[in-house]
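Next come two complexes, and both contain chain A; in the first it sits with chain B, in the second with chain C.
Take a look at the complex of A and B:
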């Protein structure tokens, strides 16, 4: 794409009108203004696509097997570990990384920090896709995926934490769709819809904050149903919901830093000057937010240990593992974030963001899998389970890229807005 | 012992009458039952006496037949199953068996102890309270039953159960469901009969009757046989109280019981979070709308000054 973009002055499309004044048809916009042959050439040339192809070539048959043969054809079918990698990574890991939507929405729309506008849409899209694919992971894991709407409409159990998660994720998904629609409306040229969304932005954003606070917390609170199964260091029944919520703040911000870094390096043709020239400054701003959230998180993690008086566990092997998680996953990125912000070094902040995201996924896997049933035995996922998890992630990556190539997320639409 | 059992059955019949009466009155006044509900007063229970069980597995066989579960590879008179270990763990309930008996060699005891595992039918079941589609019901008779028609298969109940009882039919792609002991509710308990496993027990290791009565029986045995039992009825308070309760001659953890199970309903640990929900719903909108107004106040002033400046020109 890069080379085609440099040879043609019309590509990438960022306006309704062609250079000669005629307008792009929707079909042309979908094909990025390329002929079929050019598009195919673009796909084949990219080595990333080959890797994706290999993942899908094995992963899709495995997924079909899961749906027609039962969960036990691809997972360990454990009664001790009812939740495996699909939920451990897909739901508990993806949702905090998708907090970016409500965070940047709040920063820009509620706090009035218009200097973060260039990255707002990327953060919203990151949130929307993260949630959407968390639901996809859930659909892979659910025993009866065709009954997904049951908790909404058929048989309601409103006193359960998962009921809150289901409703909030569903509502928040629609809120996020609404928040990202203006980009689509600009692209297809339907301005009436955009104006209507604009008029309810504040309402949507505040709804986003409420829903996010509650369901990010609720994902943690789900584990309070198993107070005896999870290692005491990873579960504090009083604090876990606030641990999950607070860590989602820096996880979401760090994920936007990562995605924007990748866009800047590998999708430069699609970014406009406003995005590229502001990105370092914005990254430093986001890094500052991460640092504040992380120090808060670190303090309440320690407070939780003090509150439950679990110091003695720190001397055990589990305790060392816990300290490793906190040290590598929180303290190290916290120091890097602080250093980066103080010295205005966006590169350091990007490194910190990578570590922070890995650290938070590690924490969720620890809570859901590794430190779960710590008194029994350690479950190791089957390779098929790992591969399907990877496959869904690959599809997430492809959808993400497909949208970024087209909609005005990384660039400003030049046509009517 | 026979007399006691007969008595238990008689009191049970009375109990079931009272139970159904209670059910009628409860359904008449639904608003009265929520906050102060302390469990169905006449629900049934079973007292398992570890000192009487000889590990004959008759209960397993009876359960298998009653619940029409698939026959196991090894017959029920094959005692090599006691040596089976899976991931270092003794046998457990799964989609083919709702109850299992495990053998425990206890140091200092000349004979092994046998611990029967099945659903304990909690007074305030964690599976029920964690279920977001209300698939579980605690019946007035004391059984915790499950409705496969509404279950989504999220398996939160399996995470929530402190006794690791609900199991999932992972092997089926189109008809998966939770598989667990239902106290023989459909076929027996509803009609006032004891579950199949209790009836099959040749040792009278399992005593069936009203739960309140079973606690009294347990206390009596502990009192009358000084030193033969640990002074504790496992299940009287564990997880907020269970319908199935145990007496043991040795410390419970030596016979494979999880003594870290809290002496209160699992739901109590979740209430911390549930209580913040209304707070967030109420305070957040006002708080963030307020912050928005404060944060954008300067923009408004600037705009006003601009228009004034333009007017002056």
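Take a look at the complex of A and C:
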């Protein structure tokens, strides 16, 4: 794509009109203004596509096998270990990484920080796709998509955390779709729709804050269903909800830093000057938010140990593992974020963001899988489970890239807005 | 004595005192480790017992008095540390003046 972008005058499409004055048809926009042969050549030339092809070629038959043969054909799931990688990584890991939507929405629309506008849509898209694919992972785990509305409408349990999570994720997903629609409407040229969405932006953003803050915490509270199964260091019945919520703040911001870094390096042709020239400044601003959230998270983790009086566990092997998670996943990126912000070094902040994201996924895997049933045997996921997880992530990557190539997320639409 | 010389003397005194404290702490730490057969975990346990972080708890009131005490200390420390941290990372670097 990069080479075609540099040789062609007509792409990237950022306006309804062509250079000669005629209009782009929707089909042309979907094909990025390329002929079928050029588009095919672009796909074949990119080595990332070959890697994706290999992942999907093995992963899709495995996923079909899971639906027809049941969960036990591809996972080691059991009554003792009901949550494997699909939920441990896909749901509990992806949701905090998707907190970017409400964070940047609040920053720009509520706090009026217009200096973060160039990255707002990327954060909203990151939030939307992260949540959407968390639901897809949930679907792969549940295996019966038609039963998805059950916790919301059929088995009504208003006092249950799962009831709250189901409703919040569903409504927040709708809110996020609405928040990203203006980009689609600009792209297809339906300005009436965009104006209507814009008129309810504040309402959408506030709904996003309420729903997102509550269900990020509720996902943590979900573990209070099994308080004796999880190692005491990873569950504090009083504090786990705020651990999950607070960690989602720096996880979401770090994920936006990572995605924007990848776009800057591998999708430069699609970014406009406004995005590229502001990115380092915005990265430092996001890094500052991460540093504040991380130091707060670190302190409330220690407060939880004090509250539950679990100091003795720190002296065990599990305790050292816990300290390793806190040290590598929180303290190290916290130091790097602080150093990067203080010395205005965007590169250090990007490195810290990568470590922070790995750290938060590690924490969720520890809580849902590794430290779950710590007194029993350790469940090791089967390779098929790992591969299906990778397959869904590959599809997430492809959808993300498909949208970024087309919609005005990384660039400003030059046509009517 | 001029201001420059005063500064040098003060810096020297602080550095010497710091070095002495460091040597003392290192010696104490190594000595303590030697006494517990080089087990870091055991040393931490003894430290926690000595400082009251781990102590026998008989009643719920004991328990809450104990955990709340430590929680409040952590929270107060954080209330002091957080503004300092914010000030630290927002502190703009000033260019170092070139002395000729």
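The criterion applied here is as follows: the second predicted complex is superposed on the first by the 416 of 417 C-alpha atoms of A that agree within 3 Å, B and C clash if a C-alpha of one lies under 4 Å from a C-alpha of the other, contacts with A are read in each partner's own complex, and residues count from 1 in each chain.
One rule holds in what follows: a residue touches a chain if its C-beta (ideal position, glycine included) is under 8 Å from a C-beta of that chain, and two chains touch if they have at least 3 such contacts.
Keep in mind the model is a prediction, meaning the values are calculated, not measured.
Student: State whether A:328 touches chain B only (first), chain C only (second), both chains, or neither.
Tutor: neither
Student: Which chain makes contact with more of the residues of chain A, chain B or else chain C?
Tutor: Looking at chain B versus chain C, the one contacting more residues of chain A is B.
Student: Check the residue A:197 against both partner chains and state whether it touches chain B (first), chain C (second), both, or neither.
Tutor: The answer is neither, since A:197 touches no partner chain.
Student: Touching A:30, do we find chain B (first), chain C (second), both, or neither?
Tutor: A:30: touches no partner chain.
Student: Would you check which partner chain A:309 touches, where first means chain B only, second means chain C only, and both and neither mean what they say?
Tutor: second
Student: Who does A:161 touch here: chain B (first), chain C (second), both, or neither?
Tutor: Only chain B is touched by A:161; chain C is not.
Student: Just chain B (first), just chain C (second), both, or neither: which does A:262 touch?
Tutor: Neither partner.
Student: When the two structures are overlaid on chain A, which partner does A:77 contact: first (chain B), second (chain C), both, or neither?
Tutor: first
Student: Which parts of chain A are touched by chain B and by chain C alike?
Tutor: none
Student: In the complex of these two chains, what residues of chain C are touching chain A?
Tutor: It comes out as residues 41, 44-45, 48, 53-54, 57, 63, 66-67, 70-71, 74-75, 78, 81-82, 85-86, 88-91, 93.
Student: Under the stated contact criterion, what part of chain B meets chain A in this complex?
Tutor: 87-89, 92-94, 126, 129-135, 150-156, 158-160, 162, 164, 166-173, 176-177, 258, 260-262, 266, 269-270, 272-274, 276-277, 280-281, 284-285, 288-289, 291-292, 295-296, 299
Student: Which residues of chain A touch chain C once you look at their complex with the stated criterion?
Tutor: Touch residues, chain A against chain C: 288, 291-292, 295-296, 299, 302-303, 306-309, 311-312, 314-315, 338, 341-344.
Student: Under the stated contact criterion, what part of chain A meets chain B in this complex?
Tutor: 66-72, 75, 77, 79-80, 82-83, 106, 109-113, 142-145, 147-148, 150-151, 154-157, 159-164, 166, 202, 205-206, 209-210, 213-214, 217-218, 220-222, 224-229, 237-238, 241, 376-377
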